[in-house]
């Protein structure tokens, strides 16, 4: 019950941000030099064509009125029509949402699976050989462009040692998982490079906390101290660290989807930009931002679940 | 005569392996950017079908690409292109963001409220999504890349500097100088700024790593610097089609990006230790 | 229901096996489905609203036309019409439909469907109206016989009826459903579009009512959209695909050495060129356009980029019927190119931009070479990558200076290509170059009423000369089209009209 | 003094490595009898905490580079124990409570679980049994409505209540020695009083020994049977509490006592003595207190004063002990 209340109140706090997001997505295309109709039609579009499209897009009305109708369209679940696909944008985005979510989810799981044990180990044995190796590894990993690593991994694990598919997305859960292993690993590596350092230092802080001394003074063996006390308390920082990087993970899908031919929001964004499908680009930026906000909200709720101090205060 | 650098500073530098190593790598990078094309005996734009897809060896140390262009010459030529673009893409948001953060934190009140709400909103848009959308809408070209990065990345600097300003405002010295009746501009620039800028400078190094990835990603997607100008991201994209019989076309520009990333990670860590000595 | 479960069980097993071993396991499990990799997704399956190849190729799987090109592209053979007669004056065409022709919902194909579909194709909303408007009236003689009347002879008529835009649709369904029909289209072609994940794949099952007995021999086909050329090749090699089209030339040779793969180089009706926007300076000056043609080393392109799989183009026309083989291509002549530029008042060259399709290796390579070549006469070209599917729209809107492009013929008669590429005003206004030549327009009008033969051949040859001299394009080359399939696939073929035929495909 | 339960002999704890090593505890010896409350008093940084942490071998974030000396506990040399054996001693035979109850409880674990954890581990109780026992323990330390409060989280408790919980945890397995490292410093005065009384009452009930670390002489007077005064890593003077207050023999002790506003009345903290405590990285030669000692003579700067007996059960480390007293 408290959790529900907490979630609702966080949601209420997010409303202004969501409104701001629509505002930015709306004005993103309006502040660009040149008017959208001309951009869409090109310089040789006849004045009549431009006028017609301007009317059709409602661009002849004042900006505030355009924005309000944009908002009411969104409220009705409509993002307008795609120029390239000549179809409603909403369903097109809806179809592409799932592969992206799967990629984000899978890579987050992998990132957590890498971050938690490595951060733990390096925090406990700080200054050790492993600590240095992990640090070097992730400095390198952070500097590796995902698209480049993608190309190399495809060569290595889809051609030289063919254990993963070259590109694409499967039809059912398992084949999709199989298709997502390489792309998700690449995103996860990038994420872990960022998260492992911050988590390590927060684990170091937890390890120095008084209650860890209390636990040890109780005669708890090190194993239990680590898993019962350190782990759970550093979980909160894992969650907040991951939440901070959500936007990075979600953004990372854009390039990676293109490399691996995954039919998600990111590859749609890239092709829509090349196709100058501006309404689609607008709908997609909006969707991406809402996605980030939703994931952050989820992280908040998870945080509240793990840390009793949050939802109650 | 007073030495320019104090002994303590010199000692801090001598003990800072990260910074020394990073700066050594940086000088290599600068050398390649400035004098690189003079060191490689091939023109990065020379097409020679007869020499297409030569593996690394002599005289093409990094091999040649599908059009017979020397990969080493192209990787080196890219260094000046990419480093210039990256520098501007980092400096502009640094200047804009730090200024906004300074103003926001110093004045507080509704200015701060509005700016920080706006930062919160922009924060929700993934970096890549926003940059790609803006460059996509404006069209490729370096000017538009600078604009896109400036529009997106300033929020990081604004947040960092604002947070530091809020801390600094509580310190006595700013309160003291404000009693002396200096102008806001003078207090901000002479008294607050020097005390808050260090974390932004340290972050700037980390931002170089993110930016080199961003800029080359744009190139890879065909939205960045346009061919035939050699650019690491574009080269990787081109080499991708020859990954089996010309893996070197993609490999070397990628390694170059990793090199830049490691350089600035080391400098960032090193600067952090150097400028903010921990007890 | 039981069948449904077993299918999903098989898929699940494949997935598991796939996780453990490799993607190729799935191939043997669902052996009767061909997995074909193509570069781009269809935008629509409405035949009168399509001009992009992916849409056209998809439509040719779903719908039938009255007649169709033979597999070698030299003549027309029966389609849904089993026979036809043409009146001696060329003003009446009479078609007899196959008695057993049915749509995939089991309903028979009738003469009413034919007249509905062709009227629709000639209608206001059709992008291809000009191709069918010469038909002035229809006469439904019986359910399976229809006559079309023309006011004056129109030689390309029969060819046009073999085009995708003349696909026969079920009139009642289209009328009842409107635009919604094309979300679940019904045709009488060999396949039914079962499922379409945009940007990802199209799933086809065989049309159980297809008139050609025993065909298609496969149960279905899955067309996967793999935009990146290289990924497509790799997926074929890895066994994730059974066949692919659009192989980059540099890969064709490597693929040939793979013992599991058959590579075929198809001769297609295609020409590659650089569109020059003649409404923009300095491309409004024919001397500048000719200079560009002299400056590009087309032989090097054919050798280096096409790896010899093609010929240098002498004009904007594909190498097909009535081609002018005597016309010599522009030779490489930098001196002449510079002289022409100087004559046009541009001794130091100029700066311009060129659109290039994203993701296409060959186009990118060619663009880079052209860029380097033109630089030698002082023309600085900035490349702008653009999604292939929107390149057409962009050039159509005139928002370009140069655009590296190509054209394929959907028919075996050069009339379509001529109308599309060099006639202005016409559908594409000389392929968006806005170049105009009155004599050429006149010849175009004449060839359309001239019966096939020597006279018509002469006209086409003159058209090519006019186009060559006017140079609205930088003429590049007529490439062949390598395609490949795995060794266990037979009967997969790319037609001269560039679409692929799946009816004869057999999976061993 | 009754039978000693723990005997510390020449304990030396060093952090870091030469040439930058710091010896924080430098030759400390003392013993505590059964049922006795022994106080260690001194300014911050004098090595009290490290001394008592050495007994249980828990050093928080920083590990010492060397610990030498003998610690005989219940006839067993703790220095000889392996880390795993040491785990068995902690919580069962030696327990410890820490200075700041606000941070010493795990914030993400229910109070009950934190108590039960140790019971299940050491006494082999089932969860149900442990819960009943936890209720008893909470009752014993004066937590009202323990049944309900077992399911609360630490942040729902006040500081005093949390310290009671920590005491309950420490006492869960009836240890023979309780180490209390400034257990009341972070609490306000009235609560401080309750906690001290609670510890004394529990000592009376269980007969455990208590090592009580504080920097508050007032607390010492109220709580301890015997007391050792630490300065810069060494014990300066050790005596029965009454004896020490009545007859302090070391200049440092006297300085401490002078700093108390009203003698014998526990009101406040130690007021600083002139000068600052020495740096342990570079301690003064001879007596470590000599730079601040008003009675220092030349010998004090060169000779380390041995611990000598002043009276029965009263020792001190000062060269001028007789002269000054």
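As written, the chains take the letters A, B, C and D, and residue 1 is the first residue of each chain.
In the analysis below, a contact is a pair of C-beta atoms (placed from the backbone, for glycine too) under 8 Å apart; a residue touches a chain by one contact, two chains touch by 3 or more.
All figures in this text were calculated on a predicted structure; none of them were measured in a lab.
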| item | value |
| --- | --- |
| Intersection of contact partners for chain A and chain D | none |
| A-C compared against B-C, more contacting pairs | A-C |
| Innermost chain by mean C-alpha position | A |
| Intercentroid distance (Cα basis), chain D paired with chain B, Å | 54 |
| Chain centre separation (chain C, chain D; CA means) in Å | 89 |
| Where chain A and chain C are represented by their mean Cα positions, the distance between them in whole Å | 39 |
| Chain B-chain C separation of Cα centroids, rounded to whole Å | 45 |
| Contacts with two or more other chains, residues of chain B listed in rising order | 222-223, 240, 243-244 |
| Junction residues of chain D, two or more chains touched | none |
| Residues of chain C touching at least two other chains | 228, 234, 358, 385 |
| Chains that touch, pairwise | A-B, A-C, A-D, B-C |
| Parts of chain A lying in touch with chain C, wherever the complex brings them together | 41-45, 84-86, 92, 95-96, 154, 158-159, 162-163, 165-175, 177-178, 261, 263, 267-268, 271, 274-277 |
| Residues of chain B touching chain A in the complex | 117-118, 120-130, 132-134, 136-138, 209, 212-213, 216-217, 220-223, 233, 236-237, 239-240, 243-244, 247, 250-251, 253-254, 257-262, 265-266 |
| Touching residues on chain D, where the partner in the complex is chain A | 56, 58, 60-61, 84, 87-92, 95-100, 103-109, 117-118, 121-122, 153, 155-156, 166, 169-170, 172-173 |
| Chain C contact footprint on chain B (complex, rising order) | 45, 47, 49, 52-53, 66-67, 139-140, 222-223, 226-228, 238, 240-245 |
| Residues of chain C defined as touching chain B within the complex | 228-230, 234, 248, 250-251, 254, 300, 303-304, 358, 361, 364-365, 367-369, 371-372, 382-385 |
